[in-house]
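Look at the two complexes coming up: chain A is in both, with chain B in one and chain C in the other.
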Partner chain A sequence: MSRWTRTADPAADAGWKNAPPRKGFFTDSSICIGCKACEVACKEWNGIPEDGLEMLGMSYDNTGSLGASTWRHVAFIEQPRRAVAASGLTPLPVVAARPGENRSFDGAETGIRWLMSSDVCKHCTNAACLDVCPTGSLMRTEFGTVVVQDDICNGCGYCIPACPFGVIDRRQGPPGTRNVGIAQKCTLCYDRLGDGMTPACAQACPTQSIQYGDLDELRVRAQHRVDALHAAGVADAQLYGADPNDGIGGAGAFFLLLDEPEVYGLPPDPVVTTRDLPAMWRTAAIAGATLLAGAAVAFVRARS
Partner chain B sequence: MVPPATFASYYGRPIVKTAPWERDIPAYLFLGGMAAGSSLLAAGADLRNLPELRRVARIGAFVGGAAGTAALIHDLGRPMRFLNMLRTAKPTSPMSVGTWVLAAYGPLASAAATAEIAAMMPRRLPIAGRVLALSARPAGVLAAALAPALAAYTGVLLSDTATPAWHAARRELPFVFAGSAAASAGGLAMVGTCLEQAAPARRMAVGGAVVALVMEARMERSMGLSAETLHAGTAKRLMNASRALTAGGAIGAAVFGVRNRRAAQVSGVALLAGSVCARFAIFEAGQQSARDPRYTVVPQRDRLQRAANA
Partner chain C sequence: MAECHPVGFQWVMEAKDRGATVIHIDPRFTRTSAMADLYVPLRAGSDIAFLGGIINYILSGEKYFREYVVSYTNAATIISEDFQDADQLDGFFSGFDPKTGTYDTTSWAYEGMETAAAAGSRAVAGRQPPAQAGGGGDELGGRGAALPHSEVRRDESLEDPFCVFQILKRHYARYTPEMVERICGVPPDQFAKVCEAVTANSGRERTTSWVYSVGWTQHSVGVQYIRGAAIIQLLLGNMGRPGGGILALRGHASIQGSTDIPTLFDLLPGYLPMPKAGVHGSLDDYLTSIKSDRQKGFWTAADTYVVSLLKAWWGDAATPENDFGFGWLPRINADHSNYQTIVDMLDGKVEGYFLLGQNPAVGSANGKMQRLAMSRLQWLVVRDLNLIESATFWKDGPEIATGEMRTEDIATEVFFLPAAAHTEKDGTFTQTQRLLQWHHKAVEPSGDCRSELHFFYHLGRMLRERLETSALDRDLPLRQLVWEYPLLQGDEPDAEAVLREINGCHLSGEKAGQLLNSFVEMKADGSTAGGCWIYTGVYSDGVNQSARRKPGSEQSWVAPEWGWAWPMNRRILYNRASADPAGRPWSERKAYVWWDEAAGKWTGHDVPDFQATKAPTFRPEPGIGGPDGLAGDDPFIMQSDGKGWLYAPSGLLDGPLPVHYEPIESPLRNAMHTQQSNPTREMFPRTENLSSPSPPDLGAEVFPYVVTTYRLTEHHTAGGMSRWSPYLAELQPEFFCEVSPELAAERGLEHLGWATIVTARTAIEARVLVTDRLTPLTVGGRVIHQIGLPYHWGVGGGGAIVSGDSANDLMGVSLDPNVHIQESKAAACDIQPGRRPTGAALPRFVEAYRQRAGLSVDTGTTRITPPGDGT
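Moving on, here comes the complex of A and B:
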């Protein structure tokens, strides 16, 4: 069970003895090609039902957001290169085949820059979904990840508004679909990890945009990558969720982004809601005491 | 502070998800609050020997608690698994805490109400009737002891989320809900009790209404940007209705309800309706604040900006 004390080692904090090193994802969006192999591999391995195949009419994104039946979601962001160049951001990745192709007659930038990133559950160090789960269905694994136990969840839905990233959701669908009415999200392929295998999405990613491994090592690797990009002039490359001192105690699945997080549909400064819970309980205690005192006062002059 | 006119988002899509809850949950917020306030009234009436007030309040507490519990179970994705709530107790989960409070409260409130109903029967039950009559007071007093927790925890239940308007309301919401609980319970008792015995109910109703109105106004000032969601659409209409009904009901109770039974009953109904509207308004405002990424992005950007400036 999670406590209010904030921790660096969530598996040990949850009571695991001799836990293996914490596992995670580093998703490097600078080399994502938007192929959606991760989405497909995730669906295949985890037996996730179909949840809509229509295009959304806004980009090549046809899943829209993470949800009960979309555990990897590839975001597609098209930005006019003119606006990008004007704002000082690097117009990368370059869509032009030849230098100069993306320029109009007067030399101004034309065309678009295209950002793609594969989103996933962050497996927060301080996970709101796990904190608020009333049945104990959401649990911390020995790998430091956060997993729903399908046979325990009763579909109360509290984890859904608690997650600061809008990741977890309750599966809807025709009766008969697996796990309808139950909260569902990425398990970081708990069943594969136990056998020493790589999660399906990372295995399928053809560019190693999704990297799986020990979180400590991934953080070092990510820092090298962002330094290299800065040195190459991609000044706006930034890590997201890699800082253990952020509002969720650092993410187990973190990202390298080429623009601000909200552009990708990520909150710029997520905070685990239970951080404020002790103060909220104090407020409720005072409110309850006020009610009790008020009721007593209401009877002061009463007699039969 | 003027919030920035523009903010970036992913095609305007929401960031956080709305709670998957339907009308059951705001209905429960009302019913549980009304039950809690009624249990306090019932215990006071019992100790002060006001049998008519006691009867109405005990039955109100039972009906509110039972209907509220039914709404909670109905809202689950897997209602048959509701007992899984009791396989653990977690102080980090307001829903777990609330379930345990309700699990303890329900049987106590039921025992007190059953004694009232048994006493109203034309034929007395020989032994069971005696047991019920003897256990009614301790059960009722214990239910009243749990009632403040039942009335106030729901404020934490909503606030302990990433839903922008609910989390931003965390400093006042338990007070708004506790006040609303007192107003609705007082209102219910005013409807069903004769004028002579209803004085404590009137006082509780007026006091609760004042607390709910004052704290709600304060809440809107301290919420920041997401207070906007209470100033538009359905939430706005409901909150305006709640203010009018609660204030009108309180004034009616204090001015006319002392002498005129009809006026007391009308005021009581207004207070009940005002409490219902407040719960649905706050519920709806939260859902709206989750649908629009503006309420997630802009305050978080401000926070980062302030941290960078500091």
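Moving on, here comes the complex of A and C:
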């Protein structure tokens, strides 16, 4: 099967025999308390260097974005009193009531909402970074995740513009740290998964906002959660990256958001940047063949 | 709670998932507010008005749990007719002495106990001889003060005008929703939602819990904040029941442990008061003053706890003939609490100082006073993970930059000893639920880092070696100490041996050498030893019970096999109150412990906190004291009358009931009484500790804003554990102030720009975070702006990854009289755009503010506010 065709089982598609069920993350931002334990646990486990000491003024987010030395990033979005009141948004990330239970409050009491969500590499079903990697450093694991092999990467950087989410980057420094110049991103703790352990971020998350497990099961759980939130009146709750029919064939790490993806700095409709490569190659091949044919005709005519 | 205790907050999220309503009341909108169903901003320092408003709502709306209140609290108890309330005396209770600023609490007593209290049992009634005035109250731990006896007159119809219930009703009648709005800035409709939610969620079927932290304790009336919540919980029947209670969140992992086995000057282990000089000459003097055999409850066995403690410390040298070595205990002669000690240091009265995991140069109020004080020591020992600011203030503190201190003038010899982290040593943490949890050493400490246990064991060993041949009496206590602990790798004492010593053992008789299973086994004849009676049982059956880690899924929902809770592994104290007077659960839903009539004993999900076979119908003969004096419906077994105290007849120094007073630095006149602030507060009027004026004094407009301090998830307290860690420092790299868009507009503050914040103490600079999470409040017809400051940063220190001005430098030192905690959660300030002056220009800048406000050492020290509004 072609790498650019939609697939339900990327590990088998990559040639793994008897691969375990595909693993992933479901990050439920409605119960994220913004503690950033995921960021710290990730860095501790993976030995990632400090990534800048600048105050950004983006609410309590001084991390800014994912990058070579930031594999988990908690976004903080303050939606002001006036804007929330005027927009008709659900003011707070309320937790769903059980059926038949009356909640004392409708959640409309604060007039401000403070959204928090922990972003991470999406481990796309159709992963452009992997597609464009000329060395084979980026690989699909038996768990269906996408991992950089540090000892193979030559630092060409093709993967960086290929990622539709801006996740992967080359480590710039500081000097003396590991893997400077090499492409770096979340491995979904490949070195823990092999031992049956939970990835560090999910292990550290105190509220189970980050859930790790079999992707099929996570998707079912997420759908239940979003249904419950809708039933509780949180109309804006939506899943992001959970649909296998989206532009990346569904994400291995997907999210429950309480507002539009753009609010969290996520592209609203991500598309694998290599989606059009087959068509482009076909066009190029036709063009090349046409050129060759033309040259041949010219050559033959010239000889004759 | 999400902000400072994110790991514990998982249980709030789980409760929420099960349908719990979460209400957050706080001056700033935090990560907790973001998860709450209802967020209520209020003015810092106005909480008693808020809590009093809820009490008034409960009483006037007949929302209290009548059966619980009548049977389990002192609501029916008749108070002395001499008592006069704050509503009669405009902010004072009867018995105030303007000269000393203290109360004679005789008139607060239960009816019939006034004379008994005055006739020689003064300490029993919670008072101290005049010479001790200002020395603070007794530390009482988990119990009320002693009573001379437990024979009280009760009116269970609750209609006697002198019963506690009627006094409470009159006392809180003025705490109306309108008054709450006028003082707290909380609109009546929002306040009504809180009242309705709290009362609707309390009763037979449901319980409500209150959670607080230093936002309540760090006030000049902090103890009374907690008392306010306690009154609500008793009126609603939320004590001793699952899902109820008042949960104190601690600032560190084992702060509970550090009061159980105390680092406080006025406590011995297990909440035994420290003996006082000139009062407690003999063991007998001491015992008769801390308990009365005619009061009810388990505190009457205090003699067994004290003697066992003395036997644990002095072993064979402690004999009946020498009062078990009671004379070797140090005595306290005055207030030696933290801030008083700092003031004594300033005056050159203190030679040496140990700092263990504490960074007062950054973490204590009035940082400059802290640093000046330490510069007058002869020696200072700092044991910490990192080279904190308190170890380097003498070369790079803010006063070196301003020229107020010069390194060459400071004679303090500083010893820095690197400490082992909790992962590098064995031991326990005791958390807020009184749960002891053992932690195992995971790695050896690196380099010269050593545990506190190592440090103190070997310090004691070397001191004892030096004193071996001493013939001086004063050296006897050290020479006679039991100081034998097995040493493990690296000369590290065996921490489990210490825990066994704390647990206690039999010294003679058949069971000699065996560990105690319960403090009930302790004897006052010297046949048992135990280092902290409430911890007895942590090593029951010879097993370190605190090391148990059975997963919750493999045991009952109370999870008794996870760690060990004092006392006796009880997870909820006073849980007799979870059953009705007849011993039946209040409801099936809230069943916890109950009386099993067939078996003739108490049973349930937890260890019953009651004498196991005492029937609910039991009534003692009059005059019987101790545990046998408890009736079958007296659930509060450590209280001297067996009841929960809505009204505290003794034990508190500033009143039997909470009253709203303004913070010492307030922009507003007290709307409740002429008396502006707590008349019994402890003050340190001196040039290093100036206060700004509050109404009715003039000059308050120079410092027009309210400033409060707090923590962020990303850092830990004064930063010693987080600013040196790159992974934490990068998450909140710079000191900032949080201001509302409205205040930013009023003062021209720019987001991410700089601001200078000024109080009577000093001026500091911070980056500006303009946020809707701070909101101006309309209070008493005025718009009040509040400024929020996280207090994690400091100047100086060796190797910190991030640093910045310290918020605590802004705060003054005035104390709650009961527990000597400073008012650092509400102060008055000004804020201006731009960076602060540096060098010698900084003190001049602050001095100009002081002159404009007319500050002197006496500002803000008036105990009795003169009549007239002065605004």
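Throughout what follows, the second predicted complex is superposed on the first by the 257 of 304 C-alpha atoms of A that agree within 3 Å, B and C clash if a C-alpha of one lies under 4 Å from a C-alpha of the other, contacts with A are read in each partner's own complex, and residues count from 1 in each chain.
The criterion applied here is as follows: a contact is a pair of C-beta atoms (placed from the backbone, for glycine too) under 8 Å apart; a residue touches a chain by one contact, two chains touch by 3 or more.
Source: prediction; values computed, not measured.
Of the two partner chains, chain B is the only one that A:153 touches; chain C does not reach it. Looking at the shared chain after the overlay, A:113 reaches chain C, while chain B stays out of its contact range.
Touch criterion met: A:262 reaches chain B, while chain C stays clear of it.
By the touch criterion stated above, A:53 is placed in contact with chain C alone, chain B being left untouched. Contact with chain C, but none with chain B, is seen for A:62 once the two complexes are overlaid on the shared chain.
After overlaying the two complexes on the shared chain, residue contacts for A:170 are found with chain B alone; chain C is out of touch. For chain A, the partner touching the most residues, choosing from chain B and chain C, is B. Residue contacts after overlaying the shared chain place A:39 against chain C, while chain B stays out of touching range. In the superposition on chain A, the residues of chain A contacting both chain B and chain C are 59. Residue ranges on chain A touching chain B, taken from their complex, read 1-4, 58-59, 64-65, 75, 77, 128, 131-137, 152-158, 160-166, 168-171, 180-183, 259-260, 262-270, 273-274, 276-277, 279-281, 283-292, 294-299, 301-304.
On the chain A side of its complex with chain C, the touching residues are 31, 33-37, 39-40, 43-44, 49-55, 57, 59-60, 62-63, 78, 80-81, 92-95, 97-98, 101, 103-105, 107, 109-110, 112-114, 116, 206-208. Listing the residues of chain C that touch chain A in their complex gives 2, 6-7, 9-10, 13, 16-19, 21, 29, 31, 33-39, 190, 193, 196-197, 200-201, 712-714, 726-734, 736, 751-752, 767, 769, 771-773, 775, 801-802.
Of all the residues in chain B, the ones that touch chain A in their complex are 7-11, 13-21, 36-37, 40-41, 44-45, 47-50, 75-79, 81-82, 84-85, 87-88, 90-96, 99, 144, 147-149, 151-153, 155-156, 159-163, 166-167, 170-171, 174-175, 177-179, 181-182, 197, 199-201, 203-204, 207-208, 211, 286, 290, 293, 296-297, 300-301, 303-304.
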